[in-house]
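First, the structure itself, so that you have it in front of you.
Order of writing sets the labels: A, B, C and D. Residues in every chain begin at 1.
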Amino acid sequence: MPRPDPRTARKAPDGTLPVPLTGVVPPLCTPLTPEGGVDSAALRALVRRLLNAGVHALFVLGSSGEAAYLSDAQRRTVVRVVTEDVDGRVPVLAGAIDMTTARVLDHARAAAEAGVDALVVTAPFYTRTHPAEIARHFRRVREGVPLPVFAYDIPVAVHTKLAAATVLELAEDGTLAGLKDSSGDEASLRRLLAELRGRGLLDRFSVLTGSELTVDGALLAGVHGVVPGLGNVDPEGYLRLYEHARAGRWTEAAAEQDRLAALFSITDAGPEETMGRNSSAIGAFKAALHLLGVIDCPATAAPQTPLDAAAVQRVRALLERAGLK
Amino acid sequence: MPRPDPRTARKAPDGTLPVPLTGVVPPLCTPLTPEGGVDSAALRALVRRLLNAGVHALFVLGSSGEAAYLSDAQRRTVVRVVTEDVDGRVPVLAGAIDMTTARVLDHARAAAEAGVDALVVTAPFYTRTHPAEIARHFRRVREGVPLPVFAYDIPVAVHTKLAAATVLELAEDGTLAGLKDSSGDEASLRRLLAELRGRGLLDRFSVLTGSELTVDGALLAGVHGVVPGLGNVDPEGYLRLYEHARAGRWTEAAAEQDRLAALFSITDAGPEETMGRNSSAIGAFKAALHLLGVIDCPATAAPQTPLDAAAVQRVRALLERAGLK
Amino acid sequence: MPRPDPRTARKAPDGTLPVPLTGVVPPLCTPLTPEGGVDSAALRALVRRLLNAGVHALFVLGSSGEAAYLSDAQRRTVVRVVTEDVDGRVPVLAGAIDMTTARVLDHARAAAEAGVDALVVTAPFYTRTHPAEIARHFRRVREGVPLPVFAYDIPVAVHTKLAAATVLELAEDGTLAGLKDSSGDEASLRRLLAELRGRGLLDRFSVLTGSELTVDGALLAGVHGVVPGLGNVDPEGYLRLYEHARAGRWTEAAAEQDRLAALFSITDAGPEETMGRNSSAIGAFKAALHLLGVIDCPATAAPQTPLDAAAVQRVRALLERAGLK
Amino acid sequence: MPRPDPRTARKAPDGTLPVPLTGVVPPLCTPLTPEGGVDSAALRALVRRLLNAGVHALFVLGSSGEAAYLSDAQRRTVVRVVTEDVDGRVPVLAGAIDMTTARVLDHARAAAEAGVDALVVTAPFYTRTHPAEIARHFRRVREGVPLPVFAYDIPVAVHTKLAAATVLELAEDGTLAGLKDSSGDEASLRRLLAELRGRGLLDRFSVLTGSELTVDGALLAGVHGVVPGLGNVDPEGYLRLYEHARAGRWTEAAAEQDRLAALFSITDAGPEETMGRNSSAIGAFKAALHLLGVIDCPATAAPQTPLDAAAVQRVRALLERAGLK
């Protein structure tokens, strides 16, 4: 049985999203000013750097983009700046992250008006829900906005895992265009891929892993692409990994993944005594972008604890060890 | 050692919130039209009924109010309708429920402009956070809005429990005016009350339990009041329970609590096979309000599964058994 | 509706367990020698102290007894020493704590041969189980040993909570003689009590709370007794609390509970940086018994970290503040 | 950077365990008689079948072996029968599964006396523990028995995940000979492998994955071997997968893994309405072994619900689809 033959995901001339979407799709960080506003110039610089590296698409307003921390006005700024800047060169996916259907639809409509190419939506959170309600949620969102919808499976945030049966049902009936799997549950992902393949859905349903440490194995298992937060810092690494995998150079892909796994230790730079793991990870991505000269200010949004000087030093050392500085 | 002597919580002439807030503070349901909009007329009818019963304050946009399901526009409608209708007769608390600081502040400012008397705010959710970040979150919110802030401890939604040390620190320094404890962790509540009492804070820091099944024990332990979702359906019951407790008639308080515990079984009316526990509980409150003639339409917000006819029948039977119909 | 009229639980002349079992039933600590063996002399001293205080029954091999840490030989020693020493003066309940049915039965038979009066058994743990399997587990255990069986609901250890439906089914059919509820879920307990009362089962099914901080509220809600780990240290306090409650002196009961809640802070004496919360709590109980002169050596079983000197000092200060030293 | 060059794990002439242990190490099911006793004849038949297939070692008394369900006497029987039958042809690892140190040591000594080659030990469970206590636990076990110890990381059973820092510390100081990783957390596994490689420990510390659905990716990431429950049913499949990986035929390895992932669906054969997921999985392995003629009776241990006829039919169909029947 041959592995899926991933087509390039660069945007087609008619402006539609590639089906299936493939490749390296970094979830953009959102650079902030020292006062906490969106730093549009830095955001454009980050977009430029990623496009120059050759990424296949961009994802704004995900976890790496601090979507949970940005006000509605800030979210709209991010979407506007990025869609304008990208100007159709690659597809832009936007997170529409909120607790339930009506709220998600408000974000989704704003993103659609700004011209994004697809939406990324989680199951309801904060409330206790049910698989039937989760399916209805995705259907309502899809019906309410003329854009492809990717399900975002991120139990660490949502506190429920999307059931395979739900994903399959919504893939079959066309509600979902794909899945961004940030569950970290590679065994379930393998079973889901087997089911999708068995039903002939892998040609039109795109499976992207958000687990940046198991990309070689995930591509070997058949995913179409990767959405790596660490790809903000080292897009070339993920592109090399992806190309090795496409070419069947699995040992080289694994070696590249090992290098990126070592670099990923920057996400633990912040001390557990004073800051959350989210703040440490996003703070490290931004500190790295700052050290690499991409953004002017490494600030994260309130109420996150900023990295201290020792943590920044750890980030610098790991960047150097990974050959990035 | 005497029990705290709860003062009446009815609003003082100068419009300030009683300190500490005491009594029965129902978390208002949000009646919806069949099309899903806020039913302002039904909302006013519900307010009228609760004020006629003699409740001490009202809480809008909590879990019973489906805050997680309402759009920003709907939330603003709820706050406006209720503050106008109440017109200062009792304090109105409003939930400002969102993932992190900037987003909470946007809700908080809107509620403050509409004239609510206090805000109810959870720890950050969706993101992985840290006690120091949670404390900073509450401080930023308090600094950003000229209103008392109650912490809302609801681990079933937020997926972290507020640490006692955080609550004590923010009670001492005046950041928090009180706590709405929906953690269901009565042992931790007891220890927190002991600490607050030992530091002399119970005179100015209000502890309200959101656990509607243990109100007698919580009042015996020293809480100031209760925020019972079931109080939408049977406010008189909770008022009787509260008055029994104030008067030291603990056996009568327990008997009333037992009656309410039996009535609380309406929250399980919806079948687990087809709907979430949130949908079942809110659906049951609304079905009961509909059966009691308070609201016109028992609809819950998308994507919740509605109660089926058999479930409504179960609600009706339990209302009758509780002597309400 | 009157509260249950608790009968005294002191053992009937014919040696059978009182039905329902009521009162204060301390879960005995297991004193160890410096080398880690069971210190039988100290165990007898502890039994003597508790009987002198007037406790209504004893529970060996529970969490406070470090059942999870004792070898089978040590468990047998504990049961033998205590049953011999008690010699029928009060009922002795024994934990039969293990992963599944066959293993529990081995412990249960050993305890039965040593002459205990009842067994305390959890749902299966370590494996992923199902309510139907949990019910079958209790039935098999009950069929295999000629002793009353109490269900031990302790989700912090077992990682599932006993479903009310399971408890009710096994109470109705006589499989279970009672419940030791260490779930900390007072709301569920209230609903369970309401169901048991409605079915007329509270006369023969004994509900004991293991939550030592909410005993006043639990007795007000109708439980028959309490199994307080802290009762090793201050049995007189729990006996006063229980007698106040029986006599309807609820304010006095609450005041006693407040005093005990303050004393309970000894369980946090050990630093979180170096030891688990289990080790801190059991270590504190044993340190207190040592400081009070009841046992010779405060050692806990491997691999628990022992309390350091500063922690022991905190225990001493809290004992003094509670009037015990 | 080359992938680890896995040496064959077949047992060295001097009877010592290969260092590192590599290859396919099935966790033996424990066949039972209809009355619930260990079926020694069937156990020998299963051993014979696996040795004939060419597996590199055997693991008894793991989760697939229903260790949690077997009495001490039954555990001893299993170890005795298998060590006798294997007679040194391949290494035999034995689980010593119990709550804490003293109890684990009793099992460990019994297994050592029976002649096993290594022990597999989890962190303490049932009690709330601490990383320092977990490390002390492994050290005490290692000191108490003259056998290599593998840490068994199985959070679904133990409810804590082994910290990477703990594993690294115990690998460095020689306490642990290896890790059986059944955490399903492939990202953490990747980071651990990177750390072990960086410290030069992969030559003497054996990492085995227990996640039977991601073996291709895990081998690509550098693990030494696999402990697949499904390997009871299809050992040849796992051996082919392993050999493909050793030879760098990654696409073929992935195809074999896909076939095994489809077969793994037998573990869902049992209906969720009536049985736990453990019972369904073990029941399916045993039903498959029965259908394949390896064992006489597919019974699982009490209190597990047996598979019903429809479930067995599903197992049969999946075996046929996988080409096994």
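Keep this in mind: a contact is a pair of C-beta atoms (placed from the backbone, for glycine too) under 8 Å apart; a residue touches a chain by one contact, two chains touch by 3 or more.
Quick caveat: nothing in here was measured; it's all calculated off a predicted structure.
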Reference interface A-D: repeating pair among C-D, A-B or B-C with over half of contacts shared: B-C
Farthest chain relative to subunit D (centres taken as mean CA coordinates): B
Averaged-CA centre spacing for the pair subunit D and subunit B, given as whole angstrom: 50
Chain centre separation in whole Å, for subunit D relative to subunit C (CA means): 36
Shared-contact residues (touching 2 or more other chains) in subunit A: none
Touch-based graph of the chains, sorted into line, ring, star, complete or other: ring
Contacting chain pairs - touch in the sense defined above: A-B, A-D, B-C, C-D
Subunit D residues within the subunit A interface of the complex: 1-3, 184-187, 190-191, 193-194, 197-198, 211-214, 216-218, 220-222, 248, 250-251, 253-255, 257-258, 261-262, 264-265
Residue ranges of subunit D touching subunit C (in the complex, touch as defined): 36, 63, 68-72, 74, 97, 99-103, 105-106, 124-130, 132-134, 136-137, 140, 156-159, 274-279, 301-305
